[in-house]
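Below you'll find the structure I mean.
So that you can tell them apart, the chains are marked A, B, C, D and E in the order they are listed, and the count of residues begins at 1 in each.
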Amino acid sequence: MSTTLLSAKNITRRFGGLVAIDRVSVDLNQGSVHAVIGTNGAGKSTLVSVLSGEIPPNEGNITMLGKDITRWPQPDRARAGLGRSYQRTTIFPSLSVHENCRISAQSNHQKFWRWAFPASKCTYSNEAADRALELAGLAEFADRPAGLLSHGGKRQLEIAMCLATHPKVLLLDEPLAGMGAEETDRMLNLLDSLKKEHAILLVEHDMDAVFRISDEITVMVNGCVIAHGDPESIRNNPDVQTAYLGEEE
Amino acid sequence: MDPVIFLIQCLNAIQYGLLLFLVASGLTLIFGIMGIINLAHGSFYMIGAYMAFALEPLVAQYLGGGFVTTLVACIVLAAILGYFLEWAFYSYLYTREHLQQLLMTHGLILVFEELRSIIIDNDVHGVSPPDWLSGTIALSDVMTYPTYRLFISAVCIVVALLMYWLLARTRLGMMIRAGASNREMINSLGIDINRLFRIVFALGVALAALAGAIAAPVSSVYPGMGNAILIICFVVVVIGGIGSIKGAFVAAMLIGFVDTFGQVLFPQAAGVLVYLMMAAILLFKPEGLFKQG
Amino acid sequence: EVKVGFMLPYSGTFAQLGEAIENGFKLYVQEQGGKLAGQEITYFRVDDESNPSKGPDNANRLIKRDQVDILVGTVHSGVAMALAKAATDSDTTLIIPNAGAGAITGPLCSKNVFRSSFSNWQPGYAMGAAAAEKGHKTAVTISWNYAAGKESTDGFKESFEKAGGKVVKHLTLPFPQVEFQPLLTEIAATKPDVVYTFFAGGGAVKFVQDYAAAGLRKDIELVGAGFLTDGTLKAQGESAQGLLTTLHYADGLNTERDNAFRENYKKNFPKLPPDVYAVQGYDAAQMLDAGLKAVGGDVAKKDQMRDAIRNATIDSPRGKFTLSKSGNPVQDMYLREVKGEDNVPVKVAVKALADPSVGCKMN
Amino acid sequence: MQSSFRTLLVPVLVIITALLPMVTADYYTALIIKIMIYSLFALSLQLLVGCTGLVSLGHSAFFGISAYAVTLLSPEYASGNMLWVIPAAIVCAMAYAVITGALALRTKGIYFIMVTLTFAQMAYYVFHDTKLGGGSDGIYLYVRPELRIGDWVILNIDNSYTFYLFTLACLLFTWGFLAMLMRSRFGAALTGIHVNEQRMRAAGFSTFGYKLTAYVIAAAFGGLAGLLYAVKDGYVNPELLAWEQSGLVLLMVILGGMGRLWGAVIGAIGLILLQEVFQSEAIFGSFAIHWHLTFGLAIIALVAFMPKGLIGLPEQLRARRNRSTSSATAK
Amino acid sequence: MTVLIDAQGINTHYGESHILFDVNLQINAGESIGLLGRNGMGKTTLIRTLMGHIRPTAGSIKIRGADHTRSEPHQVARQGIAYVPEGRGIFPNLDVRENLLVAARPGVNGRNDWTYERVLETFPRLTERLQHGGQQLSGGEQQMLAIGRALMTNPDILILDEATEGLAPLIIAEIWRIIGTIRETGVATLIVDRNYRKVLANTDRCVVLEKGVVVEEKESATLINQPDLLTRYLGV
């Protein structure tokens, strides 16, 4: 039986007069991919930011693994097992691909009082980085400066850095954006294999991918949830069709 | 404080604030909009003041004299100087790290200051206001207020309005702001960013020089006058919000008041008051009072 | 051969003063035929930038690198403090041709340090006496919030209150700010009989102009330490006319000694006026000359030379003066009035005024 | 081969530097001391600017505060005990860093530059306008501190050569400590924060704590440099806290090259030597009076032709050589 | 038929790494070209070279017959070439209205088909956001704004690099429809998109890049019937 790792209830976030998200609730369960789709500007990225602790919600509360984390700052949530990727790539371009992951991994092993111990010798972080690169299919580029990767490569690295922290809950904001078919395929397989142990929230516009991988879909329009359910019911939901999916070709 | 004195102090504060604004507005243009930390801005102020001093006899000789003519000559020369300097020294700084700009403009300060000493001299010189502005207005039984200071205030207000209009309402203003945030994109839209920035820079220099020239009759011209004003201008720009003309205006006014009343009410702490205020404002508004716009 | 090191401001606000001091010094040496006590004089120069934090290093350039026998410097009090420390540490003879910091000839006085100028206290004290004598009862003092200003206004207060006056307010503004308007308003509100100020350079020009422009001249007399109107009169123009200041020198003392000096100076340095700074430089050379003569030009005999300087009577263009034990001139302070571009002497405000040199152990 | 050369190079350089005063004149010994102190100062700022991306224009505050502290804490006519005077002075600088850092680190970019500048100006005015440290004229430190336990004097730095060695030891200690620190996990996290702070927060780093710690460590070493400077001259003045001083050390870091520790050292050496040369009448004759002009032009030229600072120079030359050889083969 | 852009033998480097190898590309007036290739094959690099953001190390670029190999981007743009970059390049400190107006300019031959009003009509969502700053827009809104802004320059050729990235299907469909309209008005287009089917359906001709080399150049209608080629080069 799947356990609920992260649960958000009635989240509201306003920017000035604009209600970016309006009483949105989501549950993320281990072993399932929960896709959030919706029109542009529906508030998907904002939702991810609120869940990850980057911006505080105006209302509502968030619990993770039974603890109320609504007021936790982002780094605390991250260390408690909440990982996120960004819609816009946020890698460290001057460092190597491996170092990128190692630095992320190190967050579980900060030990900054060990100021004389070289970071590159930290076995924990190195292993975590290796594993993450392997998973994301970037192992062969490990020594390349991250800035020289192609756009798609950078997106993969973004996920790898997220994985390196051993998160339990993954919040992925358009991880497939800008990826070719091959990489998309690999990424989806990766997500598939990850979902056994993780709870995944996926924001994505690639409907083929969403319908292929997700177990649960929430549809947002203008900050509100207009539908929630399994892929099949969403696909056939007339509201969703008019507001988002458009006519099937 | 008796009410008349209080009112006079308010007038002083406003007048000081306006002058600060005039100097700082050029800085906020260059500093905020073009992304250049221009330490040499104080030098442009100094150059303006020295031009007012040195051009006066020349203008009298060749152009028949006149205060306004001198001012115009200062502005025009300063703009040309700015255009040239941008081309020679600043144009390749945009793609470099901000810090390199600090270094480069610091070098320019040294050069300008030394050239000033070689070309003019190291003496203090006075510049007299034109006759038609040298009158005074009685404020209290013992105190009067020079007309020229009112003139400065008027010029500052006019410049403030012009700047606001230029940046917020004209297409040139839009281009300038757009170019500040993404040079490559504005270039892709068919706008010659290099020329655009050269114009902005010239404008900024001209503003600083105008401030110097117009302040010269009340401040006189002396070595190091540029550096003295630089830091306080930075404070104005930062409190106001980088790139915001409106912000610079409000900040300059605030500083005018804090400084004026600080000197009178807390003379021992007057030195730190402005800085304390800046720290306090940035704590609540880490991006200044008015973010860009 | 005697090596003289000038550590003077050659850039920045005080550059002009540095030049005048050097000129004055060289003028005297030149008058002696290029030699003092038979010794060839070679000069070394370092720009002190009027920056005290660089003071010790700049002093060492002269002391350690150029190994000068005599140091001459400087204008800025803070730099002079640094210079005095370095000179004392290395046992080098130092003649200060301007900086008036009281501490140098006070608590920090030392046998190797002399001054050919004044202490900040001296002009202030002289003016306090003169102002009280004119019948003023209440005074406001104003200066930048720094040590020199404080020492000067303290001097004024001391003599003014001794003579029965009262300093009702001491106004300051942060150094080097020149926005005087709020303080002028404050003065107008206080309405004292007289205002005593200590400003120099650009600040002095602006203060005098603003004071006149604010219309205060007609009701409240403005007086000051001499620097208010020395080297700044051309820039101050009309607004300075009739100002009274006190200093140890004035334009047109009309003594034989002074006239000769002025004429000679003008001949050699036509671009600069023969002002008090030139005199101070000139007298620094005279003091050195007195010392060297006593030891027959042998600079190695430091103690003898210093004793000779300390006991000398210097025949200065300002009038003869001697040195106190702490090394500061004991001199007449003139009350001067601005006429045209000159500070013409009115009278001697205090005769043979010596700095009290509080805290100096050599007294 | 290459690496054994490298490992030998460092001790050899250190020994040469340590022995240098045997052959150089007094003045140049003093000059090297000054360079070493500024190197130390620049190193401390490099930790902030080059390694963490926090551009501080108020670093002189720590330099000056600690210089004042060591002067005020030493007894007037006897020598203070290093054992507590030095730590106490550094703690003063660190304390100021904790308070101002906690506030300043809430801002970013240009604002951070300005806020740090502000706090330094505040400290400047405290010393300039109050009697606390002798006002604008400054105060003397008559006797250098010494290291003693009870009555047993272990180290006395009155002698200029011992002081030289003492300064060198401080510099080496700082350099070693910071190098170690940057290689550690703490350093790696700082590097990450430098590039993308938001990412680091998302990965689980409380970046504020890291930045504050870096700020305080930098202040501590900046303070060490300041107290050495005070001890060297025996004279402190508010100008030690002036923004020009912060600007100078920032110049050193930029000129030397950012991100690498030794960039700061090279920058300090370069800048001080440049000043020295341009001010020398022996080289420039009477034009040395206008040394600001030559110095300014030199800075401009350096920026124009060495965008990566002095440490980037070899790389730049290599790139140029490659380009010319490749274009030669293309023909 | 006039040749708008004629690039011959383009070689481009990023520092030491060689990205494009002897690429030839010709775009005729009114023609629509698709640029296909997997990630990192050099599509964006080619476009940026054409626009003048990167100098080619060898080769020549002619626009309407005039040499523009060493021209600045603004000179290229003034030849009637509009560019919607990867990542959109919205001016964050300008509001939506200003983002559009700043680009407004008649086309090369004085055409003025695309006015402010028409762009807003095309993207009604932007009308609601007129006073919002560029940085406050969602990804999709930004993309619309970027296209609208490019149209404001009344271009003869519109270059779209990943124009549909991060857009909702409804909007994507809308954008393809607009691209269709644009083609009908006689504006040439150069389209990069990962949805190769859409690209093939909306272009006359396609160029396939593989590791910086043009490996295929065919009529779109032909290419669509050659799944083996597509599999080889695009991995579909």
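Just so we're on the same page, a residue touches a chain if its C-beta (ideal position, glycine included) is under 8 Å from a C-beta of that chain, and two chains touch if they have at least 3 such contacts.
It should be emphasised that the depicted structure is a prediction, and the values quoted were computed from it without experimental measurement.
Undergrad: Check every other chain and keep only those touching both subunit D and subunit E; list them.
TA: A, B
Undergrad: Touching both subunit B and subunit E, which chains are there?
TA: none
Undergrad: Which integer distance in Å separates the CA centroid of subunit B from that of subunit D?
TA: Roughly 33 Å, centre to centre.
Undergrad: On a C-alpha centroid basis, what's the spacing between subunit B and subunit C, in Å?
TA: 35
Undergrad: Let me have the rounded angstrom distance from the C-alpha centre of subunit A over to the C-alpha centre of subunit B, please.
TA: Chain centroid spacing, subunit A to subunit B, equals 48 Å.
Undergrad: Centroid from C-alpha atoms only, then distance subunit C to subunit E, rounded to Å. What do you get?
TA: The separation of the two C-alpha centroids amounts to 74 Å.
Undergrad: If I count partner chains per residue in subunit D, which residues reach a count of at least 2?
TA: Expected reply: 125, 128-129, 292.
Undergrad: Which chains touch which?
TA: A-D, A-E, B-C, B-D, B-E, C-D
Undergrad: Can you name the residues of subunit C that touch subunit B in the complex?
TA: Per the stated touch rule, the residues are 11-13, 15-16, 19, 145, 171-179, 181-186, 188-189, 191, 201-202, 204-206, 209-210, 213-216, 219-220, 231-232, 234-237.
Undergrad: In their complex, what parts of subunit E are in touch with subunit B?
TA: Per the stated touch rule, the residues are 51, 53, 72-74, 77-78, 82-83, 85, 89, 91-94, 98-99, 101-105, 149-150, 153.
Undergrad: Could you please specify the touching residues of subunit D with respect to subunit C in the complex?
TA: 25-28, 30, 34, 125, 128-129, 134-138, 140, 232-235, 237-240, 242, 244-245, 279, 281, 288-289, 291-292
Undergrad: Looking at the complex, which residues from subunit D come into contact with subunit B?
TA: Contacts found on subunit D: 49, 55, 103, 106-108, 110-111, 113-115, 117-119, 121-122, 125-126, 128-130, 243, 247, 250-251, 254-255, 258, 290, 292-293, 295-300, 302-304, 307.
Undergrad: Can you tell me which positions in subunit B touch subunit E when the two form their complex?
TA: 171, 174-175, 177-178, 180-182, 184-194, 243, 292-293
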